[in-house]
Structure formats: structure tokens, C-alpha cells
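Order as written gives the chain letters A, B and C; numbering starts at 1 within each chain.
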Amino acid sequence: MIELQDATKRVGNVIHIKPTSLTLQTGHFNVLLGATGSGKTSLIKMMAGLDPIASGKVFMDGQDVTRLNTQKRQISLVHQFFVNYPHMTVFDNIASPLRVAGMAKSEIEGRVEEAADLLQLRPMLHRRPHELSGGQQQRTALARAIAKESRAVFLDEPLANLDYKLREELREQLPDLFAGRGAVVVYATSEPEEALLLGGYTALMEDGRVTQFGPTADIYRNPENLAAARVFSDPPINVARITVSGAQAQLAGGGGWTVPEMADGEYMVAVRPHRVTPTRTSDADVELTGRVIVTELSGSDSSAHFRHGADDWVSLAAGVHPYQVGEDHSFYMNPAHCRYFGQDGQRVA
Amino acid sequence: MAQIKLSNLRHSYMPAPKGPEDYALKEIDVTWRDGGAYALLGPSGCGKSTLLNIISGLLTPSEGQILFDGQDVTALPPDQRNIAQVFQFPVIYDTMTVGENLAFPLKNRGVDPATIKRRVDEIAEMLDVTDMLSTRASGLSPDNKQKISMGRGLVRDDVNAVMFDEPLTVIDPHLKWKLRSKLKELHQRVQATMIYVTHDQTEALTFADEVVVMQEGEVVQIGTPVELFERPQHTFVGHFIGSPGMNVLPCEAKGDRAVFEGHEVMLEGPTHGDGGRTDLGIRPEYVGFGDTGIPAHVTKVSDIGRHYVVSAMVGNTALKAVTEHEVPEPGSEVFLQFKPEQSRVYRDGWIATEERAQ
Amino acid sequence: MRTENQKAWFFVLPVLALVAFNALVPMMTVVNYSVQETFGNNQFFWEGLGWFEQILRSDRFQAALGRQFLFTFLILLIEVPLGIIVALSMPRKGLWVPVCLVLMALPMLIPWNVVGSMWNIFTLPKIGLMGYFLNDVLGINYDMTQQPLSAWITIVVMDVWHWTSLVVLLCYAGLVSIPDAYYQAAKIDGASPWSVFRYIQLPKMKTVLTIAVLLRFMDSFNIYTEPFVLTGGGPGNSTTLLSIDLVKIALGQFDLGPAAAMSLIYFAITLLVSWVFYTLMTKDDAQ
């Protein structure tokens, strides 16, 4: 278990991490999701002991490790860039932390082979990193993290520099690889889709703070504020201004529906692109008419960017839909999938 | 703008290539229409960057010709081909302002100042960078820098083609969407021939009218995004395009049926050819659940927001299904149904079923 | 646990002590001397800022300082552009890269007094290869022991030979770090070779160039050994640079007070000009 208590980080006078409290459980797969510069790497470095903490405390399994240096924290870290010892074979690379820990030779061999099997590195054990592809190099770094007995494993965008398909494969294996190893796994990514595929728990990060934490799917479905909804949406979530009066919402560009209980006034409505479809899906659907600006067709999906009133909307639907750029089309939105936020960005319904 | 024709192109980085394995690019023959949006898609090392460099003139091919509007340009250097290129990492002239950056390609060609100003203002407006025109380019964020790189490509109206070499690599995901849509919008507005190189299937499919899928220096399939998705000609295309990719399941072919793990599966049409390794290809999107069908054991269910990805085992073979509504429990036993018109047999990787007449 | 982080200080401590010993202590001694008059026997008399005033007013100091500036000016004027040109013309890939790098590094490996002696022998009329060639083959009247102009040309050429490599190597390091995409983009944008230099290579070399100019300024401004071995400051006082004059006053005449004051002035000028250079060259980045 890793626990942060009002931990902050600053460099000079610049605050990188605002007071953050977060508890990550052993055995859980935890994702830190946020844009570049939101503080994911800073938070990882604080937990790993690589960066000093300005105030607050860090606990590992109940022990205060705030001032304990990295070597003594029993952790593993895998970077975005492939970091291996260039002069060592894959075997030695995986074995190096075990040797440092003074493990018996036979046990080292067993562990290295086990990790190599999990990551399909067995045929490459005697090659050196420069003879491997990018994917194999990163698998070597992951194998080193797996073989080492760690209380926490930090993965800082480990797949960012790999090809799309390779990323897909490794991403699927990762949660299983670390399951049952008795470690807290922390995985930083800037891709919402990656967080969803990895599952587990997600901490949304924005501007040096954790804005929401919980089971990944829950956070995706129930963002507490507009910022969280924006961070956790790929493609970007549609956001529009509505006026609510007598439990009736009205969009500036036309279209109204009944909303859950909330005081009269101005609100923001957010709805994901795949909930805005070119065909009617239920009787409750609200029709939005707008001029199509851009269309994209990905084989399995069609998306249309359209202008409704002063707002730009995106619709994403399975299948092929013949849109004409520059013409008006009707789109349908089911109010059941709408989320409402006040002027301060906080969720109201 | 121009029509681009690649005629029997081959390229090897070796001085004296012996066999086909020495070629980084094997036999390419394709014609791209004027004003179209095309993508070259494939994993690292598939030869797509080599092809791009040959088109832009940074590399001379070992064999074959490149024709712009019927004119042979194979021997011409890059600056005489009238090609614009946007690179993986934004290339910005640090000491210049955004406006000077955009004007640079025109200035070098001696365009008169009034035209330069008009073109720069036009492009800046399209890219939403009008308010940055007089700021120094070196301090911009990566996505704005990349926008400027794109702008430098689009500012000349005499270019034959604009090429993009994985231009969104350094861009954050939420900005990726915006920039990609921007690019699509630009294409729809300026109607330039655009060629986009990437390993990311989403980028390729959403951008292009036609995608060239490459593997190990070879073109595996050329088609529209819908064709590539709906009817992949090769298991590689099926697997590479789509997320998750097509299920490729070892089977036996028997006329218009395949036998997979002892279960008969109806195919889209009769199988041709014989011998070789046979696989059944079906996309996860077309695997459904029902009361009867192929018995399977659910191993994992991933909630990815828009839909659920179900991993299941049939006998000893793992496969995936995508579903929006009927979601089985992990560990449960279910029956799978394969959509016949989307089930095909591949022989040694290549499609071996015939489309049934509609 | 807190002590663990403090351990590192013990390792830094010897360095601090060393710096204090070899920089601060002598510096304080010099400051001490510069405000006093001594006649030996450890007798000191308070002099105030008198020495400073005397030095700054003296023609001898002003002349030496002028020569020093002229020397540094010539060195920077020749070595920086020459270094850039050589760096630009060096291959960036292939077998010749290590060969060129080693050739470039050779002059810098030779000890300074050896460089002085080498050039001394090389340029002597009748005996030296260059001296003989210029006088007896080309018929140019050249003698660095007799003619101030010959002496000046010789010390400048010697320094160019010795130190241009430093500028070359620094610029080269800056050049090879430019990604290929920049050159390709420039080709596609139709940029001329001059534009490539002006808008890509020069801006990317700027950081290393700042370092090169600073290092060359400080080294050439404080140069002593080579001209001393080569000309000894002559003929007459024609190549007596500030550093050579300083040694003459301090060790030749044993005028400790004026020598100390002169050292401090010398030091202050070096510091001031370095600061000006640095500020000017990094000004753009701050914007």
C-alpha cells in the first residue's frame, strides 16, 4: 500500500504538485491519467523517492518513507524510453537487481526465466539490447521489473514509444503480468482509452492535482467535474451551455428536454460523442440539427463534426453514414447519457 | 496539385541486392488521383518511410519511376519536385516568428510580398494561429509547432503533394483528435493531394480516402477504410486494422463452411484453392452471443466505455468479441454466433473465399 | 534517517576546503598586498587605493591593456569564423569522422610551453623552416625577433593554430545534434545554403558558440606561456601583453603592491567582459 498525505512538490518557487492525498492498495492496478505536464511523472517520482517532497508524508505499507531513499524503498520503475544496460545481455539485464539484492544464483536463474517466459523473451536471453526491436527492449525492462521483488512497480508511459499494434498486445498482458505479485502497480498514461483497457483504478490528474480517484469504469461514467469529464474522454467530450427553467433544459442552438431536479439557471451539459448518433435510438432522444464541418470514416466508425448554434459537436457512430460536408444533418442525443455541471464546473446531476 | 503515379518501384539500401529479401521496398505500382487523401499504413520497418522519402525525392529508388501528372520526376531533387513535407517532430525555424516561418517557403521562391502576405494570412486563419503570427516560434507548444510545420507545407499553392510523416507522434491524445480533424478539414478545403504515413490505424483510416497497407516492404492491400475493415484481403490487414484486430482462428476449409475446433461455421461464400495453412477470419464486431452456437468460456470482460471487449476460449483457441449490450460474466459459459457474411477463410494468409453474389 | 541525506556533504567538504585554499586564500593575500607598500623584511605600510590609481593612470599599463585587447580581438575575429567554417566542412557521417576529430584534437594536446618553443624554432630566420622559406625562398623580410609586425603575426598565427580546434569541436558537436528532418525540411522549403546556415545551423549552434567565445575570450585574454616563450614580450615591448607585464612587475621588479593591484584590475576586466559577452549572447533566449 502506498499512501500520500498532503504531499506537495515544488521546484524553486514553482509548485509542481499541489497538496495531494491518495491511497493506492497492494494488488491493485492504478492508472494515473492526465495530459502531458499534469504531474503524473512528478507524482511517480515522489512515490519512488526520486524527487524530494516539499511538505506532507509518504507511507509504504504503513511505514513512513518520506525521507527514505529510493534504493531502500524496494520499488521498480519502467520509463517511456527503453532503459537497459547496453553492455549486458538480456539475461543479465533482468538479473541485475536480483544480483544487487544478493540473491542465490539458482534462484536468480529461476526468476529470470520465469519473467522471460511471461514476456516471451526466452529466445533472446543471450542477446544484447541493441540487437532487439523497440518492443523487445521494453519487454526486457518490464521483465526486470517483474523479476525483482518490489513493493511497488511504477510504469511511466511504458508503451508510448511503441507501435500501435504492439502497444495493444502489451497493454492487454500488463495487468495479468503484475496480478498476484503483491505489489502496488502505478501506471501513468495520457490516453483515456488506455486507462479503460487497463481497468483497475484510475486517478485523474490535472494541473498538479488528483481531481478524482476510483474504479476506472466508475470514473468514466460519473465524472465529478467538467475537468474530469474532459480529461477522461477520447474523442473529446461534447460540452454545451444550457438554460434550465422549470426542469426543462434548452440549448442555445435549439433542442430541449426534461432534466433531473436542479435549480433554474445556466448549466453546462456534457455528452460523449458516441451518444450523439445519426439515427434515433430511443423515443426520449433529442434531435439536434447542425451543419456538418468535417467527416471522418474509420472503416468501423463514422464521425461527424457539426455546428449547432454556437457550439461544435462531434457525433461518433458505428458503421458507415453518408454525410455531406456543408449540409445540415439531424443527430440524436439520449438525455439519459447527459451529465450536468454548474458554472463552477462541479457536477450537479 | 498533381496525380502521382508510382511505376514498378523497388528500393534496396544495398549496393547489389541479390534476392527479394534485400529490398526494403518490393515492387510497388500505384496511382494516386489529384486532390486525394492517401495513407501509408504499417508497423515500423515496413518500408513506408522509405517510400515517402522516394516520393519526396530525398531518396532515389533502385528501380522504377515516379510520375507527377505523367512527367517523370525520378531524377529530380526535392526542391524541384514541388513537394511539401511535415515531419514526425515539428521542424521550426527557431529564430523566426510564426509569420516568418509560414512565409519562408514563399520567400525562398521569390514570391512578391503582397502574395506572401495574402497566403500567410489565409493559412493562419485556417490553422487558427492568426493571433500568434508575430510571436517567436521557438516558445510554442508542440501541437502549435506542428501546426506551423503543416502551414509551411500548405502555404504554397503550386505544390504537387503534401506529405505527412507520422505528424502526430509528439502530440497529446486530446490534441491529436483536434489536429487530425483540423487536417481533415484543411484537406476538404484546399483539395491538395495528401499522403499520410503512420503506424496508427485510427489516424490512417480517419484521414484517408484510400489506405495502402504495407508489411515487410510489400503492399498487402490498397483500399478505402471501409473495404479494409469489411473485407481484408490478408490476415495481416485484418489483424492490423481494427481494435481489437480480426480473430484469426486455425480451421479446416470445406466448401462454403469452415470447421473450427470441431464446429462448423458458415462462410460468406465457397472456398477456392487447396493446401497451405487455413485460418478462419472474423472481426470481434461480428461475433455475437446467443442461445445456441459455438460453446465458449468467457475469460475476461473489459469495459472500455463505448462497448465491452469479451475474451473467450473455444477449446484451446482464444478469441475476442465486441458487444454493447448483452454482456456475459467473466467465467461463464456462452454460445457464440459468427455472422456468416463476415466469416472468411484465409489460405496462407490470403483470402480464399468468394463473395456470394448479392 | 535524516542523517542519510546529509552524508553527501562529507564528500563535498574536501572540495570546498580545496577551493578555499587555492582560490580564496591567495585572493585575499592579493587584496591585502594591493593596498599596502612593502620594502621587504615583512614591513608593510598602508597605501589605500594608491596603487590602483597609479596603475590605471600609467601609460605602461594602458599600453599593455591595449595590446591585450588587440590580441584577443584578433583571436576571436579569426578563430570563431574559421572554427565555424571548418566545422561546417567536416563530414558528419562515415569513416572520416574519427580521423578528422583526432586531427583536430592534436594541437590542443601539446603543452603550452612546447607550442611556444616549437613556433620559436619554426619561425627563426635562417634556422626555422618557416623563417627560411619566407626570407630566402619568397624574399619576404620576416623576423619576429626584430620586427614588431612579424612578432604579432607569429603569436596570432600560433594561437590560431593551437586553439581554433576548440571552436571547431564545439561547433561540430552542435552541428551533429541537428536532426536530419531540419535539413530535409529546408530542402523542401527551397532554402539556399546561406539560409540553412542562418536559420538552422547558426541558431542550433548558438549555445555551444557562446561557450566557445567565452572560453576563447578568457584564455586569450589571460594568455601567458606561449607568447612569453616565443617572443618574451619583444621586440621592445611590442608583444608585452598584460599578463607578461604583470609578471615583469611582480617577479622582475618585485613590486608586490602594484602587481597585486594590477592583478585585481586584470581580474575585474576579465570578469566584466565575460559577463558582457554572456549577457549579449544569451539575451534573445530570455524573451
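Note that in this section contacts are C-beta pairs under 8 Å (C-beta built on N, C-alpha and C of every residue); 3 or more make two chains touch, one makes a residue touch a chain.
Because the structure is predicted, anything quoted here is derived from the model rather than measured.
J.: Farthest from chain B in C-alpha centre terms, which chain would that be?
T.: If we average the C-alpha coordinates per chain, C ends up farthest from chain B.
J.: Decide which interface, A-B or B-C, involves more C-beta pairs in contact, and give its chain pair.
T.: Result of the comparison of B-C and A-B: A-B.
J.: How many angstrom lie between the CA centroids of chain B and chain C, rounded to a whole number?
T.: The mean C-alpha positions of chain B and chain C differ by 57 Å.
J.: Calculate how many whole Å lie between the centre of chain A and the centre of chain B, each centre taken as the average of the chain's C-alpha atoms.
T.: Distance between chain centres: 25 Å.
J.: Can you tell me which positions in chain C touch chain B when the two form their complex?
T.: Touching chain B: residues 179, 181-182, 184-185, 187-192, 195, 199-200, 203-204, 284, 287 of chain C.
J.: Considering the complex alone, what residue numbers of chain A touch chain B?
T.: Residues 35-36, 133-134, 163-166, 168, 190-193, 196-197, 199, 216-217, 220, 230-231, 233-236, 272, 274, 293-300, 303, 305, 318, 320, 325 of chain A touch chain B in their complex.
J.: Would you tell me which residues of chain B are touching chain C in their complex?
T.: 56, 58, 77-79, 83-85, 87-89, 91, 93-96, 104-105, 108-109, 136, 149, 152
J.: Can you list the residues on chain B that touch chain A in the complex?
T.: 43-44, 172-174, 177-178, 180-181, 184-185, 188, 199-202, 205-207, 225-226, 228-230, 239-245, 285, 302-306, 309
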